[in-house]
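Same chain, two partners: chain A is paired with chain B first, then with chain C.
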Partner chain A sequence: MYHKSKGYKIFSFFNYIFLILIALSCFLPMLHLLAQSLSSKSAINGNLVSFWPVDFNMDAYAKTFRNTNFTGSMQISVFRTVLGTLISMFVITTAGYALSKDFRGRNVLMWIFIFTMLFSGGLIPSYILVTKLGFKDTIWSLVLPGAFGAYNLILIMNFFKTIPKALEEAAFIDGASFFVIFRKIYLPLSLPGLATVGLFIMVGHWNAWFDGILYMSSTENYPLASFLQTVVVQGSAQSMALSQSEAAALSEQSIKAAQIFISTLPIILVYPFLQKYFVKGIVLGAVKE
Partner chain B sequence: MKKKGALLSVAVLLTGLLAGCGPVKKEGGSTAEATLKDGKYDPPITLTIAKQQDENAGKYINGESLNDNVLTRWGVEKLGIQIETTLLGGDAAQYNTKLRLALTGSEKLPDVLPVYDTSLENDLIQSGLVKDITEDINKYMPERLKEIYKEYPTAFNPVIQDGKVYGMPIAPNLTEGEVMLVRQDWLDNLGLKAPTTIDEFEQVIAAFTNDDPDGNGKQDTYGFDFSGKDSYNTGWVSDSVMIFSAYAGKHLPGQWYNEGGKLTYGSVAGGMKDALAKLRDWYSKGYLNKELATQGAWDALADFTEGKAGIIIGRPWLYGSVKDVETNVQGAKISAYPTISGVSGDKTYQSGQQNDGVFMFNKDFNNMEAFFLYYDKLYDAAFGTGDFKYGYAQGYDYDIVNGEVVFDSKAFNTPLDAVQGVGKMAFTKNTPSVDGPGKSFYDLAQGAKADTGVLMRSAANDPTTIAGYVISYENRDVLLPNAFNGPPTKTMQTSWEQLNTMEKETFTKIIYSKEPLESYDTFVKQWYEKGGTQITEEVNEWYTNAGKVDVMTNMGLK
Partner chain C sequence: MQPLKTDIRKKGKDPWSKELKKSWPLYVLCIPALVCVLIFAYGPMVGLVMAFQDYKPWLGISGSAWIGWDNFARIFQYKEATQAITNTLIIAVIKIVVGIVVPIIMAILLSEIRNMGVKKSIQTLVYLPHFLSWVTVAGIMIDLLGLDGGINHVLTSVFGIQPVYFLGDPVLFRPTVIISDLWKNFGFGMIVYLAVITGIDPSYYEAAEIDGASRWQQIRHVTLPSMLPMIIVIATLSLGNILDAGFEQIFNLYNPLVYSTGDIIDTYVYRSSLLNGQYGFGTAVGLFKSGISFVLIVISYRIAYKAANYKIF
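Let's look at the complex of A and B:
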């Protein structure tokens, strides 16, 4: 038995250590943040908090949830993530289904899509486009520009291709149209793929901060990630002209920690429900028919 | 009449709110017919403004928001001026990006543009989208403001081009100077006095490192805590510039100094090498922050707050940020002292800021009068007059409890977690001040009665901070604004970044003993060769040109 061999045991040992280290490097920063968010301000400023709260208190959380900017941004983020994911999934699955078939001009279309993956217009043209379309200060500026991702399209398209042709043909014979086949056969069968790509998109929307800052001219319209970006990135040499009260507020690390922690929770909570699909989620060209 | 105004303002506010939900087009409003009646515009006019908003300005209470808060409402009620932020950026970099994007012309520029970056100021002037305001200042600037602007003619430098003035400095006023915060209990434990010269300073930090000042039997403390990450001249907190100035006088790292009519660059001036030699020696003996090269100005405070370091330098308010050590460590006590004197016996110098960016104006903006009216009113808080006698808004940044003015937010009628930055709610990221390095604190120390809002506010501070401000004011002559505040010159645009990197690396490597002290000489040589000579020439050319046309007279500021 190969797994009884000495070499294998040594390998497993180091493999476990290695994987545990990687897991810790993901977990410990979160634990540190949690400890900070539950500690007193003076302990944090003095660098006394590592993985266990010092002077335990929940003030930071109370303050965070009383902050209307935070809760408002949270709502926008949730709305944006749901809406953005729905739009993206609709666009990508319909396009992916069509492109998984053979038809005239398919390669040209595909090439055009791939082109957007390799070359983007850049910041200024995108900004001008979004502004001229009148999306500035609206939710559309967040969900529409990135709705169609060529990379995600390819994943979905390949997933559709793995579904046996015979199924489709049988459905045709039973009198189903393309739309019915798409809805009743392709979508249910490719649930793992949809879940995986859906999670990519969701996480992307949840974490995106730059577009919010770019297209919103009022903090009330910031999604959560943009809001956090303005709160957490502080104390650069540029903000030299500070007054006393501002300097005091600058060091409210516990509140920042609480806000970061709360903002990561939703996406962590979604993850376990999608995780079961990941096992067979994306198998790019792994099995040939 | 009043009702109509209120209705209109409600309408404007509603438009602002609706803008959040759909693509509602916002236009400047009916500015043409608005007339000034008894100090108030009727119908109200709208000034659109760009804003860099920091965390503190982003906190609103009572369900208020950026374009609808106690200060914007004040503007509409009292002056008939609605301030509307139409371009918003979070931190400095994002704000600059958004301003640059606005330059593409895809949307209307706001009427008022606060700009904090000299190269962007230059780009805006070049773009032709901003207004020459020489005449406007002459004609419309209120006398009170003129008096303030007269004192800081060099602050106009970045926005002068061909004898025309394309903007005005925001709140010209010299910043507060730095003080040396020392662990008084450590000094007392070891029977030492606060250092006044570089030798005494060395003795104190040596004792702080080796003689167990906190008496815990472990060698876990060190003397001097500063940051070297971004530069060796932070200008606000965790600064080390005092040590350089001790040897180089008015030549400070990273800063230009006018020496007999010629601008020279501090980092390559004589004396820097001696300072580096000293720091190198101290570092190897463990007197300095071990991680000084990786910790930013703000992060470096942590060692002091934890009770590991004995001396830190920064603006007087720094005490408020590090005083937690008095909670964390039993018996800890911080005192403020002036910075030490240099080897020549002179005081040591530090960089001072004389304004906070500049205001620029959309070339289609024709309500300069309204802008000045508004801006002048904001100064009421700095002078303690008018509507803002004690602060901007009762219940926000001050309160009156039982007939007494209170500045402690915890003692308000409705206690708040922190004082609200009302002054920032409608306009720039910082509020104007005329208190400079802390005159009000000095006056108080001289026995002045706290009868104006400014004095009362100052008097409400804790004793250590007050002592710090008094020191800062008494030593205000050590503040040196950077003599070069123009846009990056041609060669700077291509090689300044590289020269800066080389400078930082050389300084750090010498202090860390990773390179011999002599590599400083190589650095100076290379600095000149790789563009320094050319840059010095260009900087001096700029300096001569900036003083060529007497714009101050043209603006009526003489």
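Let's look at the complex of A and C:
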């Protein structure tokens, strides 16, 4: 109806082209990485690899999975992500449920939580605290300091508030306590909300690298993202531990690409679910009635 | 004082004993979060006293000597520190401006795409980089922007330009940081604007159409005004981030060659304190940053509340 003019058609054409190019630019670097990881050393060194593997081979992946530093870090990351997400979700949903109700002192509690969004002790005091608590070189240094997030609390609280009050009142009349109502009504009914926040927290844990570098004194205890940081950014050669013959056959870049790609795979796999929920989650977090 | 008392009675507030009897499970449910916050958010705030000490790890907070504001005075004496503050401000401000303007433009352009399949596919792809970690993105960029990387390959073979060292040139480092940040985050920033555009009542457009408004005029007089409250909220709230130039990104991309234009407060704190052992000084720089940020955030929330009726919760 309204977009029939010639000028609009020209605009529309270029708009499609422009946005498709932008969208491709967001995805092609990952494809380039995948192609590099599957290509031979000579092809990479000759700059022949763009988005399609040249001299297809899986050697870089075979090598990566034989690297005990890599697989060990991966296990730590998986463990950290599962444990960290469970702890965070427990802490946030319990408080989120309580704070979605009206009770005395609620606002004071709310401000205690919100204040953590506005002001923090900073890097060094946090580092010293974690060290003093004896969490250094343990998994607790990775899962406990960030367990609570005020932003996530607000999201969860808003999800809980959308559940009709009448359900709760009916349950009260049937003699249910707050705990039963929380477990049997609120948690199951806000599954999409929990999934959104849960996925955010999971991605956060999987991608976190700085705390690993900060709190782990030996690279053997690094989670995958921290391990990758040393390989990819600091480029430390000994963590690759290539033998002479392997170094001759395998491109360093190919192995880096394989490692980055493997570490990103879980994100890409949960991405369809993330994408489904997070738009709603973000909008709920930003737009309020 | 008297009116206050009647106010409370009017609202029918129970005394604490009665409230506890009724709502105790709610208090109990808050305990895990409260413990977490008290230890890991408020605990470090106690450690901020180090900013006023000549902190020695073997003496601890109780044993270290008090030196008043010396650490803060040093912030303005060290060239590196003032440089880091300036860099932070410049990088953060440009990032904020670009990070608001570009998502708005992209959201409007994307809303003009009528083919739902194409629109959804584009959306899915542009959100993706946001979920990659900065380590991954840095890995990609170090490869792509290196002297023999893809971009330089194109520059030399197609345009015949000498290879450019993007990550090692103080002049090019900032643009590189800003563009890569934009690449990673514009799709995510777009979400809220798209939601606002989708929510605009189509009858506004129909009315404008009947009045003879072109598509461009419709964008100017219907779309943009409808987005304005959200733009104001996001713009004012980002005021609080004016001292956050992106630690994770800079840390993974910078090197001593580009300290002059790329070193920011957070990376400087990391280097001067944890690497060089100046804990008290590092804490002072951190506190300086947190303090200013706190004031800015409070002001920006005030403005957002006044201008667009925004509430945190």
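Definition applied: the second predicted complex is superposed on the first by the 230 of 289 C-alpha atoms of A that agree within 3 Å, B and C clash if a C-alpha of one lies under 4 Å from a C-alpha of the other, contacts with A are read in each partner's own complex, and residues count from 1 in each chain.
Just so it is clear, a contact is a pair of C-beta atoms (placed from the backbone, for glycine too) under 8 Å apart; a residue touches a chain by one contact, two chains touch by 3 or more.
Treat the numbers as computed from the prediction; the structure is a model and nothing was measured.
Once the two complexes are overlaid on the shared chain, A:Asn47 sits against chain B and chain C alike.
In the superposition on chain A, A:Thr219 makes contact with chain B only, while chain C stays out of contact range.
Measured by the number of chain A residues touched, the leading partner among chain B and chain C is C.
In the superposition on chain A, no contact is made by A:Ala166 with either chain B or chain C.
Of the two partner chains placed around the shared chain by superposition, chain B and chain C are both touched by A:Gln229.
Of the two partner chains, chain C is the only one that A:Phe27 touches; chain B does not reach it. Judged by the touch definition given at the top, the superposed model places A:Gly134 against chain B, while chain C stays out of reach.
Of the two partner chains placed by superposition, chain B and chain C are both touched by A:Ile124.
Of the two partner chains, chain C is the only one touched by A:Phe103; chain B is not. Within chain A, the residues touched by chain B in the first complex and by chain C in the second are 47, 123-124, 127-128, 214, 229, 233.
Those residues of chain C that touch chain A in the shared complex are 13-14, 16, 19, 23, 25-27, 29-30, 32-34, 36-37, 39-48, 50, 57, 106, 109-110, 112-114, 118, 121-122, 124-129, 131-136, 138-140, 142-144, 148, 150, 153, 183, 187-188, 191-192, 195-196, 205-206, 209, 214-215, 218, 230, 233-234, 247-248, 251-252, 266, 269-270, 273-274, 279, 282-283, 286-287, 289-290, 293-294, 297-298, 310-313.
Remark: chain A residues 41-43, 45-48, 63, 67-69, 123-124, 127-128, 131-132, 134-138, 213-214, 216-221, 226-227, 229-231, 233-251 touch chain B in the complex. Chain A makes touch with chain C in their complex at residues 1-3, 5, 7-8, 11-12, 15-16, 18-20, 22-27, 29-30, 32-33, 36, 47, 50, 90-92, 94-95, 97-99, 101, 103-105, 109-110, 112-114, 116-129, 133, 144-148, 153-154, 157, 177-179, 182, 203, 206-210, 214, 225, 228-229, 232-233, 253, 256-257, 260, 263-264, 267, 271, 274-275, 278-279, 282-283, 286-288. Touching chain A in their complex are the following residues of chain B: 16, 19-23, 25, 53-56, 58-60, 63, 65-67, 85-92, 94, 97-98, 101, 104, 106-107, 116, 175, 230-231, 234-236, 296-298, 301-303, 305-307, 315-318, 320-322, 324-325, 327-328, 353, 356, 417-419, 421, 430-431, 461, 465.
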